[in-house]
Every structure is written in structure tokens, then in C-alpha cells.
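What follows is subunit A paired twice: with subunit B in the first complex and subunit C in the second.
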Partner chain A sequence: MTRLEKPALTAFVWLALLTMPWWMNAIGGYTELASRVLVLGLAAMALNFLLGYTGVLSFGHAAYFGLGAYGVGMMIKFVVPSTPLGMLVGVATGTVAAAVLGLLIVKLRGVYFAMVTIAFGQVFYFIAFRWNSVTGGDDGLTGWKRQALDLGFTQVDLLGNDRAFYYFLLFVFALAVGAMALILRSPFGRTLVAIRENERRARFLGIPVERHIWLSFVISCFFVSLAGTLYALLNNFVDPRALRWDQSGNFVIMAVLGGMRSFWGPLVGAAIFVVLQDYVSSHTENWMSFVGLFFVLVVLFFPRGVMGILARRRATDATKEGA
Partner chain B sequence: MTQLILFNVFNGLIIGAFYALMALGLSLILNLSGVINFAHGGFLALGAYIAYSLSPHIGFWGALVVAPVATAVVGLVVERVLIRRVYGRDPLYSLLLTFGLAYIFEDVLRYIWGAQSVPFPIPPALASPLSPEYFFLTGYRLFMVALVAAAVVALFVILNRTKLGIRIRAGTQDLETVNVLGVNVRILRNLNFGLGTYLAGLAGVLAAGMLGLQPTIGTSLIMPSFVAIIVGGLGSLPGTLLGGLLIGVASGLTTMFFPSATEAVMYVMMGLVLLVRPRGLLGEEGRVQ
Partner chain C sequence: MTQRTTGGVTRRTIIKAAAATAAAQVAGPFVISARGDTPVRIGLDNPLTGTYAALGKNELIGCQLAIEQINAKGGILSRQVELLSEDSTSGDAGTAVQKARKLIDRDNVNFLVGNVNSALALAMADVAAEKKVLMVVPGGHTDAVTGTSCHYNVFRVCNTTQMEANAVAPTLIKNAGKKWYYITPDYAFGHTLQAGLEKACAANGGSKIGADLTPLGTTDYSSYLIKAQAANPDVIIFLPQGDDMINAMKQAVQFGLDKRFHLAGAQQELEALEGLPPEARVGTWVFEWYWNQPNNPHVATFVSAIQKKTGKVPTARTWFGYAATWTCALAANNAKSLDTLKMAKTLSGMKLPPEVSLMPDQAYYREGQNQLLGDLFVGQAQAKGSTAEDLFKVSTIVKGPDAAGTLAETGCKMQWPA
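Our next item is the complex of A and B:
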């Protein structure tokens, strides 16, 4: 079985994540910022499952992210005040929606796929925006809070204790990322990469390409809805902006900035994006221009992303040593 | 009742005409260069604000002529400096680039003209209703429909009768061959982008007169334009026109019976079209893959 990343890199990433609440505070951030990195990192990695490993360009992942967020919020607010049950409902909502819409779009490719996913993403935005009585409309869904986690022998206070909540997020993140890595290392995952590399050839080998792309889309949306539920829990709040198109664009830029061909790349991209956005928006009102400029610069100068550049540098060093 | 239905159909047609005008520009660029111009809404808003600033000096009619041209000039420069660099690369990059541009446009417009909505005065001669019975038929609305129709006819004449238009259509089919035949493809794509942004600017001036002006005016019109292109069919300009009018009328009628679904109905239409005919109503076969 091939490894996705070098073991040393993976160990380093986990070490950095385990100690993030400390070093994030040391570099002038705060624990909640660390939590944001984790949640949006998971979303970007989920998107990259489709974008980087299947080669399909979805620009509407915020829809499923937002469905997860609204799912957990509405469950806790209206039905049962339970964090795990809320998450279950949120993830189920996002995944079912993706499974249905996925059927409509699996035949499309490239730009066309991107355009349809963007447009479909907006449906949920308008529903959240217009359906005031239930979703709170433009003001967002308020009046609910994440609930303490009941483990049977003890209770974990997720609300009052920032650190405890961070490690709860890290636990969920670890489960999700582990599952993603397992899927990617399985024969199914290798088939997705084959489709990315040469779709026609994969089809000639008898692989049902549409079914694989549909499955990949649904799996990717499953994980992005999970990230959405965590995002809602983190903020104790959801608003329609969580599922608008600009959020989808942010996920894509995180994946590209970190490196689409790398398993951890999108997490690195999310960390850079989140910290930079936090810094810039606390210093200027015109942060949109900065984010926009950032998009342009990444496309023009860093299309391979951070991990891509590192990998290439290593490769050239190796050739030099060989010569 | 008939009056109310007529009112909503007419309203839908006007909105649809905007969508179509904007979507035609998007389609032109997408067909020739393979770029989804996310910043198209930004160009629309730019055209509207330029007209807003010019009209006290040169009047509404002067602004109507100058603002779209100014928008097209900005379009030519943006294509020359930025968009050109992502041709032939993964569509991912052109999307991200124009996405970033859309952010910058919105923010710069807000910085210059303020976040508040500003009124855009239209000539008094056009503002009053033509008859008390059909109160919704103001001169401005009729004028808008006529102007959009004229612009669409002009566009199709350009595409079918002029050298530039014929080259654009040929390039849409097979850009490499057009290049080999001695056409300067760089200039062709540049002019084509200018033409697309001209249409966005024109739609902007007209929209400002009807909807008022705020920096987000472009972003609210761009999603329906995507839907218009998908419903009408990728690669077909008549399809785009049809798609725009159809979703406009559909959302106009929905406003009447079920107002909260005004926006949702066009996405439902898009879902239906994709289910029954994935290439869109008038789309070419094989284009979607």
C-alpha cells in the first residue's frame, strides 16, 4: 500500500495540531483562531478529496457546509439539545442533498461542472435567506449553544472551556482525516486518481466513471458537512453567508494555496488564509480587496501551492545531489 | 387579474432581459476563451457607477453612450494584464482569478462611491406611466426592453456580418485553425472580452435606472446569468438569450403566486433542464464534456 505523505511530515502535522492552542497564542492569536484553522482546514481537505484526488472542480461546497451548520443549529434549537445528535442530523442533511444533486451533475465536466455547482449552491443560500421564520433569515440562526458532551462516566464542558472544545474538534478532525486517508489508500481511492489522470483510459478499462465521481462527490460533501456542523458549534451561530458562493471560493483558494496534490496541503492553506484574514480584517475595513488581491497573486505566482513548491524544491535538490 | 398577470409577465421579461444581456457577455467570453468571468457582475456595477457619476455632466443619454464604452476599455485592460495569463490553464485558475477580481471590484466601488444605495435619475420624459390602466408600462421600461432588443440584434449582426464577428464565431469552433489561418488570436480574444464587458456595462446603466445603485448590484445579477447560460445551453448565444428570458418570466410569475420562491424557481428550472437535457435547451451536443 502506498503512503499518501512521508511519515515524518505526517508526524510533524499531528504534533503541530496537538500543540496549536499554545503556539497560536504565542504568535499573537487565540484558541478560537486555532479552532477555526482546524474546522476550515477539514472543509478544505474535504473539498480536495474531490478537487485534488478526483480532478473534479466543485465551486459549490459551501452549500453542504452550510447545510451541516444549519442542521446542527436547528436540531439543538428546536428538537433535542444534544451536540452529537445535532451533528448527526447536520451531516445527514448535507450528504443527502449532495447525493440527490450529485445525480444531476455527474455527467458534466470542467468549467460546466463548476458553473452548475456554483448555481445549485445558491438555492440553499436563498432558502436560508428567505425562510425567516425558521432560519432567522439574514440575521442568522441564534438562540442556541453547543451542549456539554455526556460521555457516561463524565461530562465535557465544551461551551465554557475553549481548550476542551479545541480537543473535541481535534478528535473529530482526526477521525475524519483518518477515514479520508483510508479511503484514498483503498483501491477505490486509487481508481479516483486514475480517473483524474486519464478519464478516457479509466473508462476503457471498464471503470464506471460516473458512479465513481458521484461517490467521490458524496463522500467529499459528507466531510464538508461535518466541517459545517463543527463551524456552527464553534460560533454558536449560523448565518446564510456560511453557504454563499464566496465561502465556496474560500475553500478552493485554501486548497490551491496549500497545494492540491498534497494530502495536508489544504490544511496548510487554511491555516495561512484564516490567520491572514484575521490579521487583515482587524487592521482595515477594505479586507475584501486584500482577499481579492490574494486570490490573484496565488493564481499568478503560486498555482502549485506551498506544498507543491516544497515538493519541487526537494526534487531539484535530489537531482543536484545525484549529479 | 389579467392585468396582474400581464404586469408580472412584463416585469419578468424586463428582469429576463437583464439576465440575458449579462449572460450574453459571459457566454461570448466563455465560448471563445473558456473563462467563466466571475467578475462580470463587477463590470456591470462599474458601468452603472460610471453612468451615475457622468450623468449630472453629460445627461442620461450621454452617460448611456459613454459608460458602457468606458467599461469596455477597463475590460480590455483587465484582459490584457490579467485574464490573458490563465488561458489554456486548468479552468480552476481562471475561476479563482476572476473570483478575486470580483472581490476587488466590489470593494473598490464601495470605497469610491460608498456602501449606501444611491438613486439613479432617469429622464422625466421616460418616468411616467403611459396609461393609468396599465400603470406598469412606464416609458423607461418600454425603452429598456427596446434597447435590450436593439443591443441583441446589433450583437447578432456583428457576429454574423462583420469580419470580427465571423472570426469570433470561427474561434469558438476551432481556435487553433483560426490562428493558423493568420488571425491574431490574442487581439481577437482581447476584443471579444471588450465586447462582453461592453454588454455588462450597458446592462449596468439600465439596471441602475430600475433597481437603484449599490456595490452589490453585480453579484446579485451574476448567478441568474449562470443559470440562463446553463438552461439555454452552453455554446449557443440564442440559447443564452432564450434562457435569460425564460427564467425572468418564470421568476416574475412566481413572485405573484409564491413570492418566497422567486429565486428558487430558476434553480428548479435548471435542475429540470439538467435532468431531461443536460446540454441545455439549444446547447450543442458534446460541449458539456
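Our next item is the complex of A and C:
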């Protein structure tokens, strides 16, 4: 694997993202739905950094997602009304927490790793849920709003202008995804894939496996807490459900749905998940059953997700033409 | 792997295009046609799943009946009215906010109605204020909605928690005793309801001897009940709602607490009493609306209309939904406009007509707070009444203005746009 994805596909994804507010409205969506796709897509891609490229399943990423969200919310509400500063604090909170907790869990593998990440995630959930005076408890953190972005020469109104906020999100998303792709292309990224493919062999080659997994966990949590800050800004609101295990589960579903061996897979998965949820829940109160059914079908018949279907087709075609 | 050099359309491309087209069909539920043809739209963003599903569905039924009546009487500004209902979930404010934006941005609703959960109602009110859409809260009780977080375009049908507390406190002190122990759900509604009761209790010479906060969705109340029992109060106050209320009361009666203490609370609903076994239908409570109002022909008409629709009597929730939807229609028709500011000005101070108000005194929206002030029904839960659905015996009717306190006490500083 010399490239992450074909350049044509990458170009197509960016074109689609750049024009999303237009076609989303045209096909019956709305700008905020496009924004949600971006934010949850970033979160799922961040999880996939660990799941798809390092081969470690975390079921507690919502904790860092939520920490980012609470970080930005509390910063804007209690300290300084500044969007970028709030995001900085949110991301720092999530990343530091991940760095500390990561040390405790990197030695675990497989289902044990997943269980312990859930456990730590629930710790944060219950803190946010019960600590009413600070976090607002079950009511969530209200009474704050994302602030206009001061660029020095001009002000960008993020609150009133949906499109401006979408492109702000897209800008942050692009930086994050670009950084993620660079890391994955670096020797460090290759080493992670080596660990995923054969951990014992990597260890015999002298790779400090635990340190690499820890780093991968921290990087992944850095990006997921960034997504968390964006999610909070999107809703102008944070509630403890952003930290709960079912939110972590949703990220895993998005990654698996889209295809966890593909760089863009989780974004596709997030788009399908968000649009499906939005669409089906308008028509029936049992929308969760449909999302669940769809997930089961994908896992049963297309274990590599939606992007896996496309990739497999490409591979068969290539073999045919090669012969 | 050889590089393919030939151009042209391959089978794969066609399949991809077909898949993309199919996906676009799924993603595009509505294509909005010209605005002039569209009916007036009321967007209901309320729980249909989770703890509050039963309450949300009853509000929905009330809304539907109101829509039928409004359309039969000529609609809003001679246009037909359409109800769009979205599931907000019972506790996920992120979803509730998303659905509110969806209704406003995509479906261009003229009115937003919701939510049963107070926290979600507050979050939605922020969206309504931001988007300048007239919003009516049918059944989210926390004080802030028409108190510290009030907005000129957000109106509320159900009572504030403080009003419920003020209504029940004097009866409870007189009949049951002065030492109260609270079992309170741990979110906005519970907190303000307990605070309101503490205030009303102290004003009537009572005192609080203990309290426990229980998370939403608690199923096992035994540890809280044991603590309450040990504190030896005169009254144990139950503030959870929905399924939580059913679990708490059932367990309290299993423990035999009803024999030793007076069990009571502020807000009680027919949905919860129906869910309880007959022996657990005990205690002093407030109903915000009750279907059994003898000698009120309007109420009788409403009850039979709902019975025809569902086979059951309406609950307070049904009435909330009904009154909230009618409020939208009355606002637009009286203001002769769908402009939010004009409708809000018309609504503030407006009396609901008797066929909508459906209580002994005509309810009205208090100016400066946008809170509906109607009657509150204080009384006792009963195992069996005149009919199988008559589970509450009204002993006192408290007038809304008497329970509401002064405008300054509500904490609402109404800001009208210039």
C-alpha cells in the first residue's frame, strides 16, 4: 500500500465536502446536517486512526469527545468568550486525559482494552452527570454560544451564518485530516500498520509496541477531542450523553459501516449514519431498529464496510484486466 | 496490477452512479415547492421514545385534535395547517436541538412546539430565540423557561414548578404535617420543583429534614426509601415523573411506607396513576388539568372527542398539546399575520377562549413572562372513582394568579426586539 487512497477519490471527497451546503439543501437536507456529518465524520476518522490503522478497539472515545466539548463550553461560559481559545482548552483537556489514562491501558489487548476504555469513559460520564453545580448535570451546559471569529482584519459571524460556520468546520476538518494523513504516511504511521498486521513480529523487530500504541491512542484522542469541541460549538450546548458509552458505540458503528481499512471510510459511514438517522426518525419512532438492522446487514455481508465494497470491486476488475 | 489506460464508461462506473442516485433518493425526503402553496406548518419536537414517550404521545394526540379543529374552522389566515412531528428523544438535547433546526431550516415551520423534558425545552428555546420563530412549550415545567431564561417569542402552557409547589403546600401542611423529606429527580425540573416546595413549605411554617437526588431512569428506589424512612418525616415528597414515579411509588407501597407516612408530591399525572397498581394510588398531589370537571360542557365535548380518537380520556398532557396548538392558531389569526413579533405581542396578555381553556377560570398568558395562568387541581389519588379512569379526587381548585407569585419573583427580564 503506497498511497492511502487514490487521488481521484480524494479529489472527489473534497469536492463533495466543499459543495455540501448546496447539494445537501437541494436533496432535502439542511446546512446543519452537513455540519453534523463533518463533525461526526472527523470523530469516526479519529477513532479509525486507532481502530483501522493500529488495530486496537477503543469503546471509550466518547469520553475524550465529551471532554473536548465540555472544555470549550466551560471556557466560553466561565472564562473567556473566545471560540479558538475555548477549542484549544477543550482539545488540551481531552488529550491530556488520554495521555494519562493511556499509560494505564496500553498493556491490555483486545476485549480487555475495549472494556477498560468503556470503564474510564463511564467515569467521565458519571462525573458530568452528577456534578450539577459545575457541568449542569443532566440538563447539560447551557447559557453559552459560539463566538464570532476575530481574524484581525475582519470578523466572521459563526453564530448567525450557517454557511460561514460550515466552512469554518470544513477548514478545521481539513487541517485535522491533512495532519492525520501525514502521520499515517510517515514511518511512524507505517509502524502502526505493522503492529496491526503482526504485533509479535513488530516486537521482534525491536519496535517499542506499547509506546507506539500509546502514541496512537493519544493522537487519536487528540483528533476526537477536536471533533468534540466542534460538536459543542455546533449545538451551542453540551450534555453528558456526549460522553456516554453509546456515543462511543456510535463512532465504532460509523467506522465499521464506512469501512475501517479505508481512510475516508469512517466519513462515509458517518454520513450514512447521520442522514439515515435524520431521515428515518422523521418517519417512525422506531428509527433505531432500522439503523441497527442496516448495521447488522453491513457487518454480515460487507464486513469491510461500504468502502470495502468499492475496493473489492476495483480489485476484481483489476485482476480481470490484468489477466 | 496493470494500469488501465482505456477511457470510457465501465460497468463499475455505472453501478457507482446507480448507487449514488439511489442514495440521493434516500437522503432527499422532501423537495420543497413554491412557498405560497405551502400550508402553515407547526413543528412538534417532542419525545416519542424513552421515559417520556407516553407523555409525548398524549401531547401529540392533543395537537392532532387541535389541528383537525383549526382546519375545520378555516385554518390559519385561511391557509390549511399541517403538523410535522419529530422525535426529540426523552433526554438527548443534541437530538432535540438538531430536530428543532431541521424543522425551522428545512421544513420552514411557522411555529415550534415542545418539549416534555425541561432541559430539552430550554435548549430548544435558545434555538427558537436565535431563529426568531414563535415557540410554545406545552409541558416542560422548569421555572427558567418563563423565568430567568424567558424570551419574548417563547410561551408556555403548563405551570411553572413554583406554581405547583405553591398550590399544594398549604393543603399538605394542614393535612399531613410540617416535616418533609424529598425524593427528587436530578435534573432541571426536579431541582426547581424541590426548591419551590422548600420555599412554599417554609412560608407555611414547615421544614425540610432531608433530600435525595435520584438520576433520571432510576429503577431501584429502595436505598432512598430506607433513608427517608430513617429520617422519620411527616411527609415523603415524591418528585420523579413518568416511569420513575411509578417505580418509586410501587416500591414505597411495597415497603409499607404509606401506612406510616403521608406520601405526597407536587406534580402528578394520569399516565403515572394508570401505571400504578390500585393500592399504590395514594397521596396528595397537583393535577394541572383533569378530565372529570362536572358542569363544564366544553370539557365534556373535548373529552368525548378524544375518547372517540383514542378510546381513553384525555390527560393533562393531551390538553397541553391541544392548548399549545390552538395558541399558535389564535396568535396568528388574532394578529392577522405570521410575523413572530406581531404574534408574540398579540399573545402576551391574551385570554384563551373557554373551549380551549377548558377549566373553571379562563386561562391567560401573563404579560412580561409569557406564562399561561390557569387553575390547578389539588386533591388525592384514589384506587377507584366513578369510572375506571377516574383516579383522582379534586379537593381544591387553586387559581393560577394566586399560585404564580409576582412577576419580579419569576426572575424574567423580558427583552423585546426594537
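The rule we apply is simple: the second predicted complex is superposed on the first by the 321 of 323 C-alpha atoms of A that agree within 3 Å, B and C clash if a C-alpha of one lies under 4 Å from a C-alpha of the other, contacts with A are read in each partner's own complex, and residues count from 1 in each chain.
Here is the rule we go by: contacts are C-beta pairs under 8 Å (C-beta built on N, C-alpha and C of every residue); 3 or more make two chains touch, one makes a residue touch a chain.
Nothing here was measured: the structure is a model prediction, and the numbers come from that model.
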{"item": "First, second, both or neither for A:114, with subunit B first and subunit C second", "value": "first"}
{"item": "Which superposed partner A:275 touches (first subunit B, second subunit C, both, neither)", "value": "second"}
{"item": "First, second, both or neither for A:122, with subunit B first and subunit C second", "value": "first"}
{"item": "Which superposed partner A:265 touches (first subunit B, second subunit C, both, neither)", "value": "neither"}
{"item": "Touched partner set for A:130, first subunit B, second subunit C, both or neither", "value": "both"}
{"item": "Which superposed partner A:66 touches (first subunit B, second subunit C, both, neither)", "value": "neither"}
{"item": "On subunit A, positions contacted by subunit B and by subunit C", "value": "130, 286, 288"}
{"item": "In the complex with subunit B, residue positions of subunit A that touch it", "value": "51, 57, 59, 101, 104-105, 107-112, 114-116, 118-120, 122-123, 126-127, 130-131, 245-246, 249, 252-253, 256, 286, 288-289, 291-296, 298-300, 303"}
{"item": "Subunit A to subunit C touching residues, read off their complex", "value": "25-33, 36, 129-130, 132, 137-140, 142-143, 159-160, 162, 231, 235-237, 239, 241-242, 275-276, 278-279, 281-283, 285-288, 310, 313-314, 317-318, 321-322"}
{"item": "Residue ranges of subunit C in contact with subunit A within the complex", "value": "1-2, 4, 10, 12, 15-16, 24, 26-32, 48-49, 53, 86-87, 91-94, 97-99, 101-102, 105-106, 118-119, 122-123, 126, 130, 149, 186-188, 191, 215-216"}
{"item": "For the subunit B and subunit A complex, residues of the former touching the latter", "value": "30, 34, 36, 82, 85-86, 89-93, 95-97, 99-108, 111, 223, 226-227, 229-230, 234, 260-261, 263-264, 267, 270-271, 274-275, 278, 287-289"}
